[in-house]
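Chains here go by letter, A, B, C and D, matching the order in which they are written, and residues are numbered from 1 within each.
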């Protein structure tokens, strides 16, 4: 095996709080090991364009607590083609980059694996996505921050829901998965949580809401993951309003949206991201490739990316029942 | 003039952070003066229903920092009729309520005045609305809190806008007025601010955004008040997307919504609300009626509600220019 | 075994964010199972005084997001005596309380076990302490919230440290343990972390700080757990100031203090507390006693309290090295 | 008068949230007017050392929301001497700097004035200090942010005070002035506020606290400005503990400290700082010198710095009474 001397770092896909902390850890660990580090800007799009920047200790100073990603992110159609990855690999070789730390979600890891296999480049992935649905790690970078951001908003909406005895449908992120919705449901004291993993039974939902609102003439919060079967909070609200029994219920919708992606990462995300960025470089140094670093039962664990791919982590269905029980 | 012995307190219209601090101040000042205090729940709707509750020191303890309103709020169509106000007045008399402190916006103050004039009840209003558009006070209760909530969201969205070189249209509250939007524009470093007080020139807007996005391939934030001429951020986004020049610009919309109404009030709103709740009782004790208490140039000032009515406070147009200059 | 019909709930020891969420979960789960619930106020002190309050669904509504504990807490010397516990047990029996859910730290759990054994009362403990040092659970209720509060303060201090090129010693909670300090160190980008579990080598510390401050004339943050060997941040600062090499280094101390105990719990603490409160009642229903419920590797686990006692959970020493590596 | 072509910008004295927003506004307004801008790092210390940096639009991008000051700050003894100021002036002339925008407190403004008068350099000051005590402006940059930071901490401490029925003495910043303490007192629902502007009558204080704590066996919060007559919260606590009547009162002290200086500025501080930075450049362009820009009754106002000097703005004593009345 060729000795490692120069590695590239990139972020790709949807940005997540903690990505900067992960970049910082990877860069500083690599420098501490005597490696050189190149930042690749705008993910695979920048790799194809050769948008590279040399990184030293100061490049990553004072970014630990910042949301977003200083390397920027992008989605690249070209990289999904063999030709695109060829151009990317040429740039890497021209810059003497032997190995990559890639930070992102499912698609990002898949792209890295293909590139690595086709062009003999070592790649280690870090799970960076607010969705928390990656197999191979108990938690992904950004999940805890996004969750707390969503929950703070729900707390605020609860104030106004209570003041007016309203029904609020609050849509949180999660196109394919209900991790954020579920934890927001319990943490926000929601009366109901709708997630993509479950069928949406409008009949049962209507009945439950009507019984909640009538029995005590009080407010209710329903948390809806954006990927809910019916297509999000707005659609649910429309379905409710069709029913005449809902004429007297003041129903409002709030779509929290991109706010959930930004902001300073929580303590947990900073520690997680620091551990994973560090572990990724360590894995490269130990000769691994095609793996994702994760934390499982509080230990660093490597999982072949091919196993991560297309394999969703399951939500904890007990939490659904707990929400109903406690609300 | 009849001696004051028992007053009622209510909140009405859209809730605003700081309303609880205002209730607390009014109740405690009144108790300190030897008056009895009745809380009227759910605004004028509760007044018509006789939904009254006796209040003492402890009724308002530990609410200073809470969003929403412990007395709840509601909109009442019945109170807009003479008959409705008659029923309300009967309940007040049955409960021995001589005078009212009403906390809310334009419509709330108008309703109080009619009630007071028709049924010889002393009423003093406190300006409670996040919109800040009431004439007779430099600031309304809730404005500073709503503004900071909106701004925190914009800061977060800026992270993700920067990471992806995106254009974000962020809609903030303000159906008739641009106070929140303007301050968010300056405070959030927005590139453009659209407010109801100004015509929306889509041609100029497109040109400016294109020049911003092309010159530096960077992100942009446009803050849109919900009452903007075109009808809010979603409408603006649709108008932009019609233009082929916008095909390559990743444009997103976030509607902040009801989050802005809730949450713990800021220091400024707590102090303001405490001063005004106190001043309202003082005004009643001095024999005033049909007036709103406000803070003008840092002093308490009474303004006849009839002058407040339908008369909007003007935004500071210099701030619009400043936003453009600094972005 | 006697059928369970009426349980008591209490919080004791230092308060922690999430205690209210735990009370709520225990109460609502118990009510859902047809049990009656008695709240015992001010921990064991209140138990001895018979300060009991009947609880229903509404007693715990809208408390999920509140810091502190609605049942209040206290330390009781009397309860450490056999006589004290006897008086307590008499009150429990007089009120028909068969079983207890106790929420608190080490001492709280110990007291409960003694009471249970001496008077044949079923007790299940929930780990509630910001210190996170209880054996038998990966995390304690309140830890994540306290950590984030401390970190937000450190972020703010970093601003002013940077502006003035200062050395800041920041003391965080942790009389016997460095969990908060360690995570704050990594999450806050501290240059050094001092924890009770490690000897404090002032020579090495001075050397490292001097090298940091001189090499780049920059700011440094040292996080000190209150139970550090030398006795906290103030003591460390005094030791540094004795050295003439520190004459030119502007050294400041901030003791974060009780701020870390309060505030709205984080999402993680709310979910944890809800799961544990629920699990505690479940454990009682299944006939367990003398056990603590915890979450280990994401599953609920019961641990005999006698095993928890006096047995500290170990900090992750790798995190110490990681802090040094990344700073 | 010589045409203006190149200005310097600096921050000096204690840092305050919003200083960066003020720098940004001054730089961008100056650039918009065709001026060149030089940043002077580390205040007057950097001016004497010639620590200058050229500034363009991008130098100040993405700093609006950041605490601290990108130009750093320092206190300089040398600048208090004529020789020091001479060296500083030489550097300014060598760099072609005609005029200065200085951001800071009392001492900063005084230094600028002396420099300006001795060396014929135009200077305009911006009031930047969390203390809010500068004459000539209703509010100083940083006050609103510091106040909210302090208040958030007080809210958290209230949780734990309530849980344990404790007396908390909370020390906030304000060496010579009680602005922060007063607003925190009202906003935090404090039972008592001690400020430097008032004599501290320990007898009366003890009596009031004892009456509060005994009557209801409840918690109390006393807010103490650091410059209180007795010398801060720790001293007050010691005086209380001497009294045997306080033996049974669990009394705690928290000194909030430097946390109050950092953090992202509030909306209000961002708008204020942006207006003032802009106004300072405008004042220079109009030929003014030796003046401070401020906002009085919502309008920009220029005040000769010689009038600002040593002349304290008065706190609003009515707020003291209001705190007592409402608590």
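Rule of thumb we're sticking to: a residue touches a chain if its C-beta (ideal position, glycine included) is under 8 Å from a C-beta of that chain, and two chains touch if they have at least 3 such contacts.
Chain identities (UniProt): A, B, C, D = ATP-dependent 6-phosphofructokinase.
Everything numeric here is computed off the predicted structure, so don't read it as measured data.
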| item | value |
| --- | --- |
| Most remote chain, CA-based centroid, reference being chain C | B |
| Centroid spacing, where centroids are CA-atom means, of chain A and chain C in whole angstrom | 29 |
| Chain A and chain D: spacing of chain centres that average the CA atoms, whole Å | 39 |
| Whole-Å separation of chain centres (CA-atom averages), chain C against chain D | 35 |
| Shared-contact residues (touching 2 or more other chains) in chain D | 155, 158, 162 |
| Chain contact topology (line, ring, star, complete or other) | ring |
| Contacting chain pairs - touch in the sense defined above | A-B, A-C, B-D, C-D |
| Interface residues, chain A side, partner chain C - complex | 24-25, 28-29, 32, 62, 64-65, 138, 144, 147-148, 151, 155, 158, 162, 183-184, 186-189, 264, 266-268, 270-271, 274-275, 278, 297-298, 316, 319, 322, 325-326 |
| Residues of chain C defined as touching chain D within the complex | 11, 15, 17, 42, 66-69, 72-74, 149, 153, 155-160, 162-165, 168, 252-263 |
